[in-house]
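Let me give you the structure first, and then I'll get to my questions.
Chain lettering (A, B and C) follows the sequence in which the chains are written, and residue indices restart at 1 in each chain.
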Amino acid sequence: MIALLRRDLRLAVRAGGGFGLGLAFFLIVVVLVPFGVGPETELLSRIAPGILWVASLLAALLSLDRIFALDFEDGSLVLLATSPLPMEGVALIKATAHWITTGLPLTIAAPVLGFLLSLAPEAYLYLLLSLLLGTPALSMIGTFGAALTVGLRRGGLLLSLLVLPLYVPTLIFGAEAVRRGADGLDPTGALMLLGGITAGTFALLPFATAAVLRINLR
Amino acid sequence: MLRVTGLTCARGGLPVLSNVSFTVPAGEVLILRGANGIGKTTLLRTLAGLQPSLDGAVEYPEDEGAYASHADGIKAALTVTENLAFWADVHGAANPRSDSNAGLETVLSTFDLSDLRDRTGGTLSAGQKRRLGLARLGVIGRKVLFLDEPTVSLDGFSVKRFADWLRDQHLAHGGCAVIATHIDLGLAAPELDLTPFKAALDAGGGSDEAFL
Amino acid sequence: MSIWEYANPTKFMGWTAPVMRAAFWLAALCLAVGLIWGFFFTPDDFRQGSTVKIIYLHVPAALMAINAWIMMLAASLIWVVRRHHVSALAARAAAPVGLVMTLIALFTGGIWGQPMWGTYWAWDPRLTSFLILFLFYLGYIALWEAIEDPDTAADLTSVLCMVGSVFAILSRYAVNFWNQGLHQGASLSLDKEENVADVFWIPLLVCIAGFVLLFIALVLMRTRTEIRARRMRALQARAQRA
């Protein structure tokens, strides 16, 4: 399993775009928002938690279709299916690799971009915490969606349609934690629920993903 | 080593081959013959466990099957060595980068890849990719091989190398193989013509049978 | 002779024809009685005036929007466990009906909301949940349409339906957590104290019965169409091979 993780990370680094593209997209979305809503610091500061969360969600979405599509096209996925690795393990590793290449960089970059949106100083800690807790769930749910659409020629749009509704709880708890942090309220509840969702998705979705992959390889 | 009894397999929900039975003992190869579309690929995929059979049984030692088709699973951004090492790792075979470097070397030279070892997969020609894909079979340590047209885009010299490897390395060490191919590999191997097993038009067991 | 024999496509086509006809007529009767009774023979609510009467469309549609998803979940589970094709096709047939029910609930809710809350739309938990449900229906239907092989499509949509159900419930709680809203409490519950008054309640029950029957009739009709399409496909596949 470690071999697969190492290979996926190496591929992400070499092929370029793995790390950079999602991050650049994140930056652009965050920069575009003030052009859309106006430059008032107070307004930006109020909507910053939501913008940062929605933008990181979209950035994570951007690279989902690459999770399985490339391996499907070059035949690796079939070879992995006949290898001793359980498909559940493959799903878990794919989600982890996706998180390391998108979720983690997004989490690290978010505070810098929070500065651009004049996020309340109290909220930075919770922004970091909520993204750290929540982005793994985004990757795991996205991996499930990618597995559902892996055999389809134009699966990208469908993938977004399937995955975005599943992102609702994560987004709500994540953005709520930051907002409460910014308002000086106690965000522990939201953070715990966010952690719960991540733990739940990592416990259950690998099985659904593996089942879906087997069906798609038939 | 491989025993197939009364196997019926389907493509797109319709039975294509029915009641296929054969055995392949250790150290032997079975060549599948038959016209295009007869169901060779379907049969091999079913044998490898990639798709469920409609009926019948396939028996071989667990975790010993390997499948190879025209898609070699080669990553364009990884070097030849890295590609091979990855598959060896996944299969838990001896890590070719540490202790038994010799194993990887042998495989590389067997398939004439030694000079290409640091080239990335993307720069290989079709035939070189094919050789790398076949070399994968040499590092994963599986005994029962299901090969779908393994010699496509190989030149005559490489075909011979592959046949030599199969005979001298794989079969000699107790492996076996089922190969679908249209050319003569130069192996003394029994052939199985699939034409008589073609499923009848009214054969039962299709996934939409209930609707007829 | 088990109950599952009725799930055989040929048998299903046989027994559903009269059931579907009966369901259509009964639905028409119930809806006519319920709506006319509700619209013209019930008093105006002392606070809400005559706007309250949209309840006879809003509540049944909202109920069926959720029940349709539950029925799809049950049908998906039956397909996964017992591999009855008709079950998968019934789930497929129910999705667009559920989608329309969700839309009716959303629209009538907006029309009702305008005089009551002064706005057609508010990001209230119940409204938001229905919007999310609408998205779930869209995704489910899109996945069915996108996959060519019917068995693969049935398998994948079943898994999506199961996973989606869990996330739909999660979303419901998340939305509650996010915003405590304007929407009144449940109109119907077993707890008698909270219910709407009896004068409204009885015609409402008749309307709900009408919507349930209408749902059954529509799903049966659509399932029958799906079965015919599937049969055509099967015959074509064999004809092409010959």
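One rule holds for everything that comes next: a residue touches a chain if its C-beta (ideal position, glycine included) is under 8 Å from a C-beta of that chain, and two chains touch if they have at least 3 such contacts.
These numbers come from a predicted model, not from an experiment.
Chemist: From the centre of chain C, which other chain's Cα mean sits the farthest off?
Modeler: B
Chemist: Mean of the CA atoms for each chain, then the mean for all of them together: which chain is nearest?
Modeler: Per-chain C-alpha centroids ranked by distance to the global centroid put A first.
Chemist: In whole angstrom, what separates the CA-based centres of chain A and chain B?
Modeler: 37
Chemist: So how far apart, in whole Å, are chain B and chain C when each is placed at the average of its C-alpha atoms?
Modeler: So the centre of chain B lies 49 Å away from the centre of chain C.
Chemist: Measuring centre to centre with CA averages, how many angstrom lie between chain A and chain C?
Modeler: Once rounded, the distance between the two centres reads 32 Å.
Chemist: Hey, what residues on chain A touch two or more of the other chains?
Modeler: Answer for chain A, listing residues that touch two or more other chains: 218.
Chemist: Please output the residue numbers of chain C that touch at least 2 other chains, ranges allowed.
Modeler: none
Chemist: Identify all positions of chain B at which a residue touches two or more other chains, and write them in rising order.
Modeler: none
Chemist: What part of chain B is in contact with chain A in the complex they form?
Modeler: 48-52, 63, 65-78, 82, 86-87, 89-92, 136, 140
Chemist: Using the touch definition up top, name the residues of chain C that touch chain B in the complex.
Modeler: Within the complex, chain C touches chain B at residues 8-10, 85, 149-151, 227, 230-231, 233-235, 237-238, 241-242.
Chemist: Which residues of chain A touch chain C once you look at their complex with the stated criterion?
Modeler: Interface residues on the chain A side: 144, 148-149, 151-152, 155, 158, 161-162, 164-166, 168-169, 172-173, 176, 189-190, 193, 197, 204-205, 208, 211-212, 215-216, 218.
Chemist: Note which residues of chain B are touching chain C in the complex, please.
Modeler: 12-14, 201, 206-212
Chemist: Flag every residue of chain A that touches chain B in the complex, lowest number first.
Modeler: It is residues 2-4, 7, 10-11, 14-15, 71, 73-76, 78-85, 217-218 of chain A that touch chain B.
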